[in-house]
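Which chain is which? They are A, B and C, in the order written, and residues in each are numbered from 1.
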Amino acid sequence: MNLALHAPILAIAVPLLGGFALPLWAKFGRPLRDLWLLLVSAATASLVGLVAFQVYTGGIQVYTLGAAWPTDTLAPGGFPIRIVLAVDALGALVGLIATLAALVGFAYAARYLAEEEGKTLALTLGTLLWAGMLGMAFTGDLFNLFVFFEVTSIAACGLIGYRTWTSRGPEAAFKTMVLYTVGGLFVLLAIALLYGEYGALNLAHLARLLRGSTVDRVTLALLLGGLLMKVGAVPVHMWAPDAYGEAPAQGVILLVANTQVSLYALFRILFTLYGGLADPGIGWLVVAMGTLTLLVASLMAVVQMDLGRLIAFGAVSQIGYMLLGVGVGLTVLASRPAYGLLALQGGIFHMLNDALAIGLLFLAVGAVEKAAGGRNLGALGGLGHDLKWTAAFFFLGALALAGIPPLNGFASKLMIYQGSFLLSPILSALAILASILLLAVFVRAFQGAFLGPRMLQPEPVPSSMLLAMGALALGVLVLGLFPDLVVRHVVAPAADALWTGREVYLRAVFGR
Amino acid sequence: MSVVVRTIARILVPVALLFGGYVILHGHLTPGGGFQGGAVAASAVALLLVAFGTSAVKGLKSPFAVLEDLGGVAFVVLGFLGIGYTFFFNVLAGSGGLFGAPVAPGPNPGFLNTGGTLPLMNWAVGFKVIGGLGAVVVLFALFGGGDDR
Amino acid sequence: MIGNVPFVVCMVLVLLGLAALLFRRNLIKVVIGLKIIENGVNLYLVATGYVQGGVVPIWTYAPPDAAMVLPTPQALTLTSIVIGLATTALMLAFAVVIHRHKGSLDGRKVVELSG
């Protein structure tokens, strides 16, 4: 068996198998379960790494399920009706983000989750969510996109609501599930419309067939609506603050990665599936959604008194920056490629930065909650005396997210500001305004929770949790200090995969 | 529940299980398959619950959970069988033996020993669905409290 | 025109389900609304694959030159039904938990979070 050839499917199948088998191992003993989880995580991470390495060095990797040979994408007779995985640079980058979130989450969960509070369940759901995210990132056909969309939905809502001894978790999960399911059904309806029109499900095949008819436009609206519900952009963001606020911290970081993966699916549909239509109106729509999201969410963050919900609104506002960057890219790429590419790269770079910075913040909030027993800003204070590392990590994450140099958030936001300035100066002014608002909010939160006289005696934070946060903090620093290297070697290929790589993608799937 | 319901249930539970098994077994030949057969078989659990109350199904919770996990593992492992070619490749089809009898083209009444890994996958899915749906029914009964029967 | 009736019915079902989501506060009714949308979409999928006078797409059973209905939409529908079952079970479970804590299923009474 050729590992390199089979790596894309193995990266999905191994965590799936690991997730199904995890409760069985737990019946034989917790050390066995932890060992199994370690094995599965290590195997999956190396497989995703292998896929990413191959994609970045050798171009798009295609894998056909059930065929006699992995690259036989066409059924006998030349019809593209097989189930295909197609990993390009952007898919690999998103897979890496999901893997990073899962690894950090599991390391954090080792001491964060109490054994009697459903740790096995949480780890199982986390592994399945990981498998679903990798599936969404790697799939090359529209229907499997829907299937993995629902896999991630169910696993994510399980993670939000599995703590049934409180009512807040299940309530947040119910609300999230309603929006995820409606989003999923919109996507399914769109797929049904496309199938009825063209009789195809393969993304590349459909991309060649699309003509821009009315059905195509209705379909695009449905796909946009469904995926934006999953992403949590503003008019349909109601689930996000609740879910981020109520899920356990190691689940939140997976939820954040899940929104990035859903954004990836959105970009894949906008650029690869509908890229041939080149309608600037679609780009403007995405820009409008992005601007609305970043403004409204950062305004909502101002009034929050709960530390978790405050950070949650910060997380929603970051979605706006990514939509803004990619939307600007979509609007002006055809007319002014240089600026469009800059904005597009900024948006994609921000996906990586956001996963690191917001993940760090949520993990720090989880540590505060565990150490101090609460998250209400009115009751917290002076935690910085005892939780020095947690305070430092929180500060670092907050500054990075607010876009302060030399941290990573600054690098990507600067690219987005520059790109959107060209489209309209008002857009970049609004984006900068939202950043300043966020900075004020985060500084207030930091001051309220960590500074001031010592008010309570927090428990020490376990070192494995600190280690998980430290890994993210290191990422925040490194990406902030060497943004040009990262952009050139990691982000630029991913952005190219969306724009100039469209034809390459289609040819890779068709084999010609 | 009344004697009538309980007696009928005693008769119908084996019938439902048998029919579920049949639908799974013939999944590669006729409409049906793992999910449908599993759902039919799991309806037997619901029947047990309705006729005999929560106490009759309480002990089934953890066997069902194990069955579900085993079904999921078996399905992925069956996918791995084909890894010499590609994941999910049907290595048993046409190879003779218990599952892979070659079939001549053209109309035929359906031969059970065909289909390669497909019938096995149907069974894996069937067990997963019996386990999953059964556990769901049992858990709802337990959560609902003792206010019924 | 008569051929479009299934599609009209699907859209009516989807809109009915959306209305239930928007205007019903009872959590169980919200789940029912979701199921109605899902069934509308499933019906649409099956209707897409229908061929006039087509037979069941089992190759070995079909007469030699019969037209078959498309099997792919049926497979998609089946997948969607399975997924729908999982989501419904999960949502009902959450509803049961909420009812246990709050003693009510009224969305206005049980809400603690205001996202």
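Details
The rule is simple: contacts are C-beta pairs under 8 Å (C-beta built on N, C-alpha and C of every residue); 3 or more make two chains touch, one makes a residue touch a chain.
Owing to the predicted nature of the structure, the values given are computational and were not obtained by experimental measurement.
In terms of which chains touch, the assembly is arranged so that all chains touch all other chains. Across the two interfaces under comparison, A-C and B-C, the one joined by more C-beta contacts turns out to be A-C.
Farthest chain from chain A, judged by C-alpha centroids: B. Note: centroid distance chain A to chain B, computed from Cα atoms, is 35 Å.
Between chain A and chain C, the centres computed from C-alpha atoms are 28 Å apart.
Averaged Cα coordinates give chain B a centre that lies 23 Å from the centre of chain C.
Of all residues in chain C, those that touch two or more other chains are 97.
Those residues of chain C that touch chain A in the complex are listed here as 14, 18, 21, 27, 30, 34, 37-38, 41, 44-45, 48, 72-73, 76, 79-80, 83, 86-87, 90-91, 94-95, 97-98, 101-102, 110-113, 115. If you check the complex, the residues on chain B that touch chain C are 29-31, 35, 39, 103, 106-110, 133, 136, 139-140, 143-144.
Residue ranges on chain C touching chain B, taken from their complex, read 56, 58, 60-64, 78, 81-82, 85, 89, 92-93, 96-97, 100.
By the touch rule above, chain A contacts chain C in their complex via residues 81, 143, 146-147, 150, 153-154, 157-158, 161, 164, 166-168, 170-175, 177-178, 181-182, 184-185, 188-189, 191-192, 195-196, 201, 237-242, 245-246.
Within the complex, the chain A residues that touch chain B are 1, 6, 9-10, 13, 16-17, 19-21, 23-24, 27, 63-70.
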